[in-house]
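Following this message is one structure expressed as structure tokens.
Chains here go by letter, A, B, C and D, matching the order in which they are written, and residues are numbered from 1 within each.
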């Protein structure tokens, strides 16, 4: 299986890229929140195709139709289902695609998993398009969290080796980080952003693609959330973030850099701010023993370069069982990192609302 | 909660470091396998304290008593429970510990999570000692997998910035990798191992500690295992690996390095070996779209430096609500990376057996 | 929560009676089965309103649109979502309904559960209409099971105290039982059916309603399915059957009658038929220790009388906080037992396919 | 699998009748409750063998050792594991038992489920002895619930056709019902109890056994607990009650009698008691739409007659594959209904605490 996530909030995602539609069922939402549908649309727009500096802006978002779980504009508490129709479902000739698996895609693994009965068109259920329902769910959860003072932000941390300024893990600059959602290229350092844009354009002109990293932060969560061992915060969030296609690495706080630190450098020293316990540093990313410590939760995800590239590649021909050549046709986004930023935020929001519900911090039944 | 993991195999872990005992219940095991208890003991011994070059070898393993699920030496198929008694349960004066939380530990988060009712002695349920039941479970799963030709190996990839030779992700050297389990310091390059030993000894003499990285590999798994989206292989394995204390980062295949590669570099090109589909490279770590592609599954975990260090640190005093100083007493292991190697292997084994059961590749009911 | 069921097959149901639509996501289906959509429509038609001898036949089934999980007419293996649009969504004046809870309905409990934010129109998420997605799922599962030789049948066992002939629990009459699905009133004894029809008509004319019992049988399942203790067959099937609105009792095999039998009467004696192990009787309903014994699985569900009745009843007025009178308007079905028969079959089918998948008897991944 | 139950509280049971021990892991308990171990022992004693009027009183309870999750006498909140050692683990000759399956037992189904590798001694994992860990868990949950004013009682409703007085489902007589736990034969009407005792003694002298029914009630729960559809209260409680060996039927409120009532008889009419909403009757057993309505939750379970009987029965010989005769040796309890009463109460307690935790009515994390 694999389409269901959550301990207290259950998210179930369905759909294929070129089938009738894709969607999500969200079960366990707290009742009563008045939905801001405009905010959800704006959130979804950030993930929409054609919205990067290196591509023609198309500005059309996938519009989700809410099928259930909302009554008179408020969340009713029963399962909320949302449907996004696929508009591009022409029955193109995908036979070549079925015969010549695209390197870096799930064409071969999907075939092995479903004995060849899977929908291969546009990657089917494995398509990056399936992040749209997750983004919808995250946009919705974000709103509910914001009403409790919990904020989430993410930015491009790196593209093609060019690095943005890092988030301040101890003292988030709430106004500045909130502004990232308004940017076409969500970076803190616009000069770095300009260099990224140029590097991606160069890769694209070369028939190639670029990868990068995304940094995200959740702040405003109380201390004491989560569970030890298998349901620690890192485990829960990792299971969600690694479900985003192209993510191949994840780290919390100092992450991989911690491997080269000493204990005296890495240990976060507690201090009192009034009666609140805070920490001088945040190398742990806000998590100790799998439980939140009240500091911002900080993590970084590595995104591999786009698998679809313009230049011809070697593959195998499943009909002739011999080596063959393949040129992936159509327009490809030479770097999907900017579009993945709201998806990572969405994952963080679903994770955080699930946590809050588990702690009984909403009056969920 | 958090003590239960698995889709098809369910692992439930319990215990506190200084309580009567720790243990595990494993439900869903395939019936019929004849247990090699010696092999399980040898596996457990690799995790035992005092078994590194920089410490006095103690060579005593925690002996697990099997309480159920085994009949006449074979796995019966009903839940298998194992108990490891704690021998060091003296009622020392832990009051200071409760009052002065140790930096880098879960003392404060545990207190927030359980409103102060948690067992604080030796870290309680958050203790690294709780990896012993997971290691037992993994040792047992490894045996069952090996009988199906599925192998798992892990080694120290890096300590204190000193790097070992990497695994060959395309063509595992089965004999050589199997030998790692016999080594006191499981590295491929013994010269690097010697340098690691010296670096750790230096950190320890300095009242400090070191972190590192562990690389692991699972090979022999068929293609087509796993599920898309939330139950992809990366998601499942990550939820388990991040449950190991001190792990703060995880990457698959090229991982974070993929962020700086181009698509033409990163895409693994398929090729035919007889009738089998293989790949020229293994940047994806054996996983595409969350599903196994038949190549080795390769991952690396970042381990933070040991939080318990000899030198005095600043903390807060919860009685006086003021800054205080703390020296963590007792002998501390200045680097837990070697002892974490079998734990990572155990996590990989539990993960792999759960996958195989999910695919109906054992006659489980 | 509550909208998700299953160990190996996961069913997630959403929707409200008067919202945009209701539906189901089914995850974990084995790939490759060619769908017979006509058979699914015929199955759904049996549950459709207005299809009993005591009401004007309307013969319109709810048509489910498949949104995902089917490719070129076959089950692809990825989540299958189906949507049934609600056509009767006029914004009638439900304010009275909100203020005067209907006796026997979930109006008050829904209000308590969702703090008054639930959709009250037509019972909202608690409406019997929500059995339509379950029926769709069951119709689909039935087809897949039939292809493996597993059959399911159900009939009205009793209405208003008038009893039908019972199923033969040892030797099912496959042809005769299969014919039940073709009948307007699914009974084995048509004379009893005629008496039931008259009793229900009389109750309806009296502004009242009738309840009854449904008997169902699954045959063709192998021995050895299920698990001891919490996932025994009775536990699994009960959790599904009790999710059907109006079901207030459930028994397996001899059920409540077993309470008055002696051990020597109740024990099913094994016997050999060729090399197969069968039993002389089937008092256990095909289940011992929670595990299937290869005999038909037989169970009976008690269905309470329809809560909506024509005659005036006492209730409370939530605005004035005083006693009030309520007459439930509109046409009511004075007995829903016949329409519940395919729903019980559907529950049995979902249960049985989940069991078969758990035993690895399909090549599910 | 099958050894794990619960949405918010997770119960995992392990063990075989004649293995080293049986036990339970309980995860998700709210922290802070001071355990009354004496009360737990008294609760366990009610389930202990040899404690009925028709058998020699042995008065020894199985003593559970708590392995984790309790610190300084209070529940810590981390998983609580308890172990009950088996004292009768002699390696008797069970070969005949393996060859001649006992009618009415899970000998054949266990063999089919585990391919013959299951522990057959004393029924192994299928033994009624496995209700001891559930009883321990229930005793513990009962205490926590009682501190919140939630009470549970159960009594023998019927044995061998002789019926006790029923509980008052609208107005529980708290003092009188609490006294049931003190009785050797937990009935309200001692004359009926005397008749039951004589009927059971007669069955036993005849080499036979008797079944019966148990009625249970939970009161003090708030309205609004539970979830619609698959996680309704009936579904959740049924999955737990049917996990008790020998239970073959279950009904809520009027249950099967509702099948013969009219809607005007069955509908529970709401009324105001001060500001509280109550109901005139309780035919629904306190549950509407799967959600609690604030009235007592009332249910009845049918218990089949003891399968082990003194008189000789026909069975098959698995070695010779021919009909054979079997006399089940040893002392058998001719009626297990009295000992099942505390087990049903325990199931109700586990269910009720899980519900309360799900509603956030404890400060669980």
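To be clear about the criterion, a contact is a pair of C-beta atoms (placed from the backbone, for glycine too) under 8 Å apart; a residue touches a chain by one contact, two chains touch by 3 or more.
This structure is a prediction, so every number in the text was calculated from the model and none was measured.
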item: Contacts common to chain A and chain C (chain labels); value: B, D
item: Chain A and chain B: spacing of chain centres that average the CA atoms, whole Å; value: 27
item: Inter-chain centre distance, chain B versus chain D - centres from mean C-alpha coordinates, in Å; value: 39
item: Whole-Å gap separating chain B and chain C, where each centre is the average of the chain's CA atoms; value: 46
item: Junction residues of chain A - those touching two or more other chains; value: 1-4, 13, 78, 113, 125, 224-228, 291, 363, 365
item: Graph class of chain-chain contacts, one of line, ring, star, complete, other; value: complete
item: Chain D - residues contacting chain B, complex; value: 1-4, 8, 10, 12-16, 19-23, 25, 27-28, 31-32, 65-71, 74-81, 83, 113-115, 117-119, 124-125, 363, 365
item: Residue numbers on chain D that touch chain A, as the complex places them; value: 78, 224-228, 291, 358-365
item: Contact set on chain D toward chain C in their complex; value: 1-5, 7, 11, 13, 101, 103-106, 108-110, 112-113, 125-126, 130, 158, 160-161, 203, 207-213, 222-232, 234-236, 238-240, 242-243, 245, 247-256, 258-272, 275, 277, 283-285, 287-294, 302-309, 311, 313-316, 321-323
